[in-house]
Amino acid sequence: MAPEVTERDAAATAAPPPRGRAVRRILAGRESGVLGALLLTVLAASFLVEGFATGRNAGFLILDVAAIAIIALPMTLVVITGEIDLSVASTLGLTSAVMGHLWVAGLPLETIVPLCLVLGAVLGAVNGLLVTVAGLPSLAVTIGTMALYRGLAYVVLGDTAVADFPPAWTAAAVGRLPGTDVPQVAVLIMVLALAVGVLLHATPVGRSLYAIGSNDEAARFSGIPVRWTRLWLFVATGAGAALAGVFWTLQYGSARADNANGLELSVIAAVLLGGVSIFGGRGALPGVIGGVLLLGAIRNALQLADVSSDTLNIVTGLLLVASVVAPNLVARLRERRPRSGVPPARPRTPDRPLRTEES
Amino acid sequence: GTTRGDADGAGEQKGGGKADPDAKIPEGLKISYLPKQLNNPYFTYANSGGEEAVEELKGEYKEVGPSEATASSQVSYINTLSQQGSDVIVIAANDPNAVCSALGQAQQAGAKIVTYDSDADPECRDIFINQASAKGIAETQIKLIADQIGGKGEIAFLSATPNATNQNTWLELMEKELEKDEYKDIEVVDTVYGNDDDQKSFQEMQGLLQSHPDLKGVVSPTTVGVAAAARYLSDSEYKGDVKLTGLGTPNQMREYVDNGTVESFALWDPKDLSYLAAHVGASLQAGRITGAEGEEFTAGRLGDYEVGAEGEVVLGPPTVFDAKNIDEYDF
Amino acid sequence: MSAGSGTGASAPVAEHGGGDVRGARRLRQVRELGILLALALIVAATAVANPGFLSGQSIRDLLLSATLLTILAVGQTLVIVTRSVDLSVGSVLGLAAFATGTLFAAFPGLPVAVAVLAGVALGAVCGAVNGALVAVARVPALVVTLGTLYAFRGVDYWWAAGTQINAADMPASFLGLGRTAVLGVPVPALVALAVVLAAGWYLASYRSGRELYAIGSEPHAARLSGIPVDRRIFAAFVVNGALAGLAGVLYAARFGTLDATVGTGLELQVVAAAVVGGVAIFGGSGTVYGAALGAVLLTTIGSALPVLRVSGFWQQAVVGLLILVAIGMDRILAVRAARRLRGGGPDGT
Amino acid sequence: MAPHPPPDPPPLALVDAAKSFGMVRALRGVSLDLRAGEIHGLCGENGAGKSTLVALLAGVHQPDAGHIEIDGAPVALSGPAAAQRAGVAVIYQEPTLFPDLSVAENIFMGRQPLRGGRRIDRRAMRTATAELFARLGVRIDPDRPARGLSIADQQLVEIAKALSFDARVLVMDEPTAALSGVEVRRLFAVARALRGNGAAILFISHRFDEVFALCDRITVMRDGGHVGTGRAADLTVDAVVRQMVGRDIATLYPERTPAPGAPVLEVEELGRRGVFSGVGFTVRAGEVVALAGLVGAGRSEVVRAVFGIDRYDSGTVAVNGRPLPPNRPAAAMAAGVGLVPEDRRQQGLVMELSVERNATLTRRWALSRFGLLRRGAEASAAAGWLGRLRVKAGDTAAPVATLSGGNQQKVVLAKWLAGEPAVLIVDEPTRGIDVGTKAEVHRLLSELAGQGIAVLMVSSELPEVLGMADRVLVMHEGRITAELHRDDATEEAVMFAATGQHAGGTAPGGPPPEAAR
């Protein structure tokens, strides 16, 4: 995706400090805002909302956002390369349906689960091939596959639900670590997050993702296998969605074609809230994790405080808007201020700096 | 490996303890309603009955729910309710199984679970308040349509989502009912799904009529579907030729009954359903009943009820609305 | 470079830019033709399978069904062309529809025109909120409108508070709007047609219309050209909001039953219609005619599948597949056009 | 300052203007007046602040201090529109076109000729565009979209756009950087005609012959400051260079004693339908081979295909005797090929990444251990080359977008030199680079060749081609029409071959490809 004016200005805030090293850069970026907001929310909710600050509730919270988190990890990478995948929830639904179908057909779960992950990877690869080989915009492609995969889910399982999964498995999905209220799935998510985080922030591959997202042509001229990389990211996202599908099916003990309908917007919202630029090239994983947790925590706290779901919707929406508007306003205010030691982040090329200030 | 064959005898222990019909219902019971979807007019109306009952019982009434009718968001609300220490959770399940484990946890935390409108797996609730026995609903609707089309011809079903538990049960029972000899000339040619979405139902109705030129009647056992179908019919050339009945609310259907598109349709009074649920929940929590078959109890203004098989309590037969009586109802 | 030396002034004038420009242009025109063709194919195939599909009633139904999506797609095109997107249209439509109904419920004698204007105005206000956030705060439209998608819907829920407005609450004259026909064409469809023609005419023939394309094509260059970028983007959002409001009013008139869930999930359909209609998702190209055709195509598919007795379970899958085919075809045409233009160039990444 | 103040106030003047970007003081108190009927040259190193000055004149930025005067009256230009209204037309350093719109619309955007009902008059617009191109002596279809135009053609459209304003003041920021001799001469003729009609013109270029050929007065800037303004007739190139860089530049082109070794890069019968065909050549170790030709001859396409960016339909590319798989830049890099592309903004740099990360982008894997990046190694690797090329960057962690055009070009060079390639392909390596750096780049290239690297250089600057190359390949319409040895390579010979006139040298190619445009 080509960068766009508005986003470019948001870039301002992301400009690193003079001797910007990783930590300070993260502090200066949008991520810090999200993480700060998360901290604030958790603190405020702990004091103000009865029943929030308990281990049991934390467990509920984590289970609530687990599927979103699992998908948001690879989705972050996709968005950083300037693409998007709207078909994840449908991939989840199709995997769930296939899982139910195979279970009814008598296959052992030990076989079904890997098959489902492979299926997810294949579905992701279809997206990836349409984007990289056919050169179609991912937003359009995945709107199409979103309908296609969800439709296939109905074809596979129709209007039935498969719900007789073995209790050992379903219990494991929502099971807690022995002696704690922490769901086991949290460990899985942490391991995945660590892997994705290292990949993104500390390896040459991660570096190339940012390059692809900012300017894929220059990335190609630098010898980065742009298409190949993107293809793999879509495959990973598909597999991630499938993993979430398996987890979802076991968590709710119910394989249905309409599972996780509409989850894609929650995932995207979390990723964007986490400070990843929708135009690619910018974002960090801690921010995304913060985004996922922030959305979950707010939802959970407001529910506990008996705030109705209408208000929840409004709060979620406003939060998203604020997450992009606030840093921009801060940057602009800072810019207005007379020059101080802090370099007002105001970088645009001398060639394209030429931002007009008509108002 | 773990296959479907390995049946596990997860034994179920239900209605632990003995019922004490004279137990006093404590005041201040937290009775929480969790409809399929908040802001759904049907549930809004229904739950006003719940509120009435909770007031009678001097309890704390609460209604929470997701803005989209999915099981996963209901689970999150069940957790919240159990975290808040609700005494009774009255829920219309979006998926009989998906809410199960959360309901189980709530039960462990001391809540009594009453399902209404749409049941959860019997293992995970104490009592289900059935709006009308499924059989009664199926029989009433088939009778209505058969009378209207003169006992023979093609009919079709316009249902809600392909997954709705109650819808599918009714569809099944209606087909069974049609096997009876008196209905042998009636043929079901199609079943379509409007997803409880007005526009989709409208389009599906349109599709039905175009693809089945000989269609005589349509049964739509969902309030959204029947209203959309009636609206389509009332403007189309099929008005009067194709009969429509189903489950609808009087307010939505009044116009079409008045203009002759629809002769009659059926529904229970959802307010009573919800009212009954509160009494059942309170009785459970008080220990008056445990959910075992044959237990009897009194539910305020509705009078006496008996717990049926599998912990089901049936509200009563559905009401049939037609031009004569429709103006007596306002919901 | 030593200007003034070399082989003298007799150097031939080189043909610059090259490429088969005319061929490329022809290919681009085919773009909309392609959708039209697909549309004709589907209609023909359905009509062969079931002649009832071409009955007057059925065509009226089809036109009516396509109306809302078409109006929304036109508005969305204005926004997408500027390299933005508005995901909140479904919520805006719902809000406007509910507002119209509420207005009638509160003031039963209200003239229809006033209610229509009120709905449109409410839509425009929502659009202005989006536009202000996007243009003034200069933040990505996708994020902002994803936020307002939730927020507007929340307001709608909060306002409706579980109530429903039924046909009986609205005057027959208003509901008639959704039913009366002029020369056999339903009034809403005429409204949609007028909207399409007006928007198409405006985009093609007026400076400010062309400036929308310029902004979407290269926002930075647009600012350098002295185009009031923010104002134009703002205006595009306002118009889009107003059109969503209009669609909401038409929804109310046509469907009669209104609650807070009206229009849920419509946004992706609208974007799909525009994209299928050849509007480039990254701005700068595409026409409202294409978008309108895309909307009609999607609606036709939606109506044809039940008539063709495609199982309900297959319908969604088929729609998805057709969307992919449509954008794939569009891409093939675009690539061909580009080939003709440059006879090569880097293979896009 | 000017010895004889003119009677009329200058149509546009900058008075004591200062502008900072964060910590970077791009302009510090610069004054400049553009007089009617005069062409004013502006020289300065990369990053001296020329483009910033242009941005102030264009209303894109507002000065932090000082002000702009129009006809002697101070004004505040609130934006590009305000400057346009004041009669200032600007050609920016980098083309600013709308790729999706037609060339004609690009030129007249926002000012399209109208007919009844304020509708756009397309026919009038097309005719006007054709007239503008006729004045410039180029033929570009007014109806074609701007997407796909080469940089040179884009620049020509920009020039046409600026002319279409009929402005009193014309500001041109390096308009000739992408043009070849023919277009430059046309442009100059047009500029002189405008001067004759009383326009005030500001002309920026790094090519002194152009500046001296065209300009009446010349202003030199250094480090954001004003060094001096004088009549061109009173100045010499050496004097200007000394003012610019604060020292003498010994020579632009280093003395070289080529000692070609074994063939490293061998290209045979390379062809791509409609673009080029039958292209074959060899570059030996330690040799600098130039690929010359008119703009649009297809040179960039050939080197892109060699590097694997573009597909090709026929032929082979081999490095050190081993064939390269087509369409795989990574494989080309692994074989030791590097390509400095012609379009630094689109192809060379990732504008949002930091200077440092851009410089090390091609060495991601080499600078990591166990698959993990080592920041220390990255920083020092970047610092080394950025220093050698004297990249002027306040902060290497800042986005590369904050650098001046020339400095960006240096970062692209650093990025590829850091990889220590066996074959270095440079496409217009010194476009937009100031004299000092240019000499440095030339010295570097020849030093690299001296170390046994095979250098293939695409350049539109004839003096550069003649000064640097051991061998010159000349392309015309997608074919190599001549191969000239250093001693045979004269301006005339190259131009003959480049215009397809087959004079001098041998013409290995046959007739031009049938598929040519």
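Note that the chains take the letters A, B, C and D in the order they are written out, and that residue 1 is the start of every chain.
One rule holds for everything that comes next: contacts are C-beta pairs under 8 Å (C-beta built on N, C-alpha and C of every residue); 3 or more make two chains touch, one makes a residue touch a chain.
According to UniProt, the chain labels map to these proteins: A = Autoinducer 2 import system permease protein LsrD; C = Autoinducer 2 import system permease protein LsrC; D = Monosaccharide ABC transporter ATP-binding protein (CUT2 family).
Computed from a prediction, not measured in an experiment: that's the story for all the values here.
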{"item": "Contact-richer chain pair (by C-beta pairs counted) among B-C and A-C", "value": "A-C"}
{"item": "Chain whose average C-alpha position is farthest from subunit D's own", "value": "B"}
{"item": "Centroid distance [mean C-alpha coordinates] between subunit C and subunit B, Å", "value": "39"}
{"item": "Euclidean distance of C-alpha centroids - subunit A vs subunit C, Å", "value": "28"}
{"item": "Length of the line joining the C-alpha centres of subunit A and subunit B, rounded to whole Å", "value": "37"}
{"item": "Gap in Å, rounded to a whole number, between the CA centres of subunit D and subunit B", "value": "74"}
{"item": "Residue list for subunit D, restricted to those that touch at least two other chains", "value": "58, 60, 79-81, 92, 309"}
{"item": "Per-residue multi-chain contacts in subunit A, two or more chains", "value": "154, 158-159, 217, 219-220, 262, 308-310, 312-313, 352, 354-356, 358"}
{"item": "Touching two or more other chains - residues of subunit C", "value": "153-154, 157, 161, 220, 223-224, 228, 280, 312-313, 346"}
{"item": "Pairs of chains in contact (touch as defined earlier), listed by label", "value": "A-B, A-C, A-D, B-C, C-D"}
{"item": "Footprint of subunit C on subunit B - complex, ascending", "value": "38-41, 43-44, 67-68, 162, 190, 192-193, 198-199, 202-204, 206-208, 210-211, 213, 224, 227-228, 231, 235-237, 251-252, 254-255"}
{"item": "Subunit D contact footprint on subunit A (complex, rising order)", "value": "3, 11, 15-22, 198, 202-204, 207-208, 210-211, 214-215, 217-225, 281-282, 339, 343-358"}
{"item": "Parts of subunit A lying in touch with subunit B, wherever the complex brings them together", "value": "50-51, 54, 56-57, 60, 64, 103-104, 106-111, 154, 158-161, 163-164, 166-171, 174, 248, 252-254, 256-262, 299-300, 303-304, 306, 308-310, 312-313"}
{"item": "In the complex, subunit C residues that touch subunit D", "value": "1-7, 9, 11-19, 21, 24-25, 205-207, 210-211, 213-214, 216-218, 220-228, 280, 283-285, 338, 341-347"}
{"item": "Contact set on subunit B toward subunit A in their complex", "value": "1-6, 8, 10, 38-39, 62, 64-68, 70-72, 75-77, 79-80, 83-85, 95-101, 121, 161-163, 168, 193"}
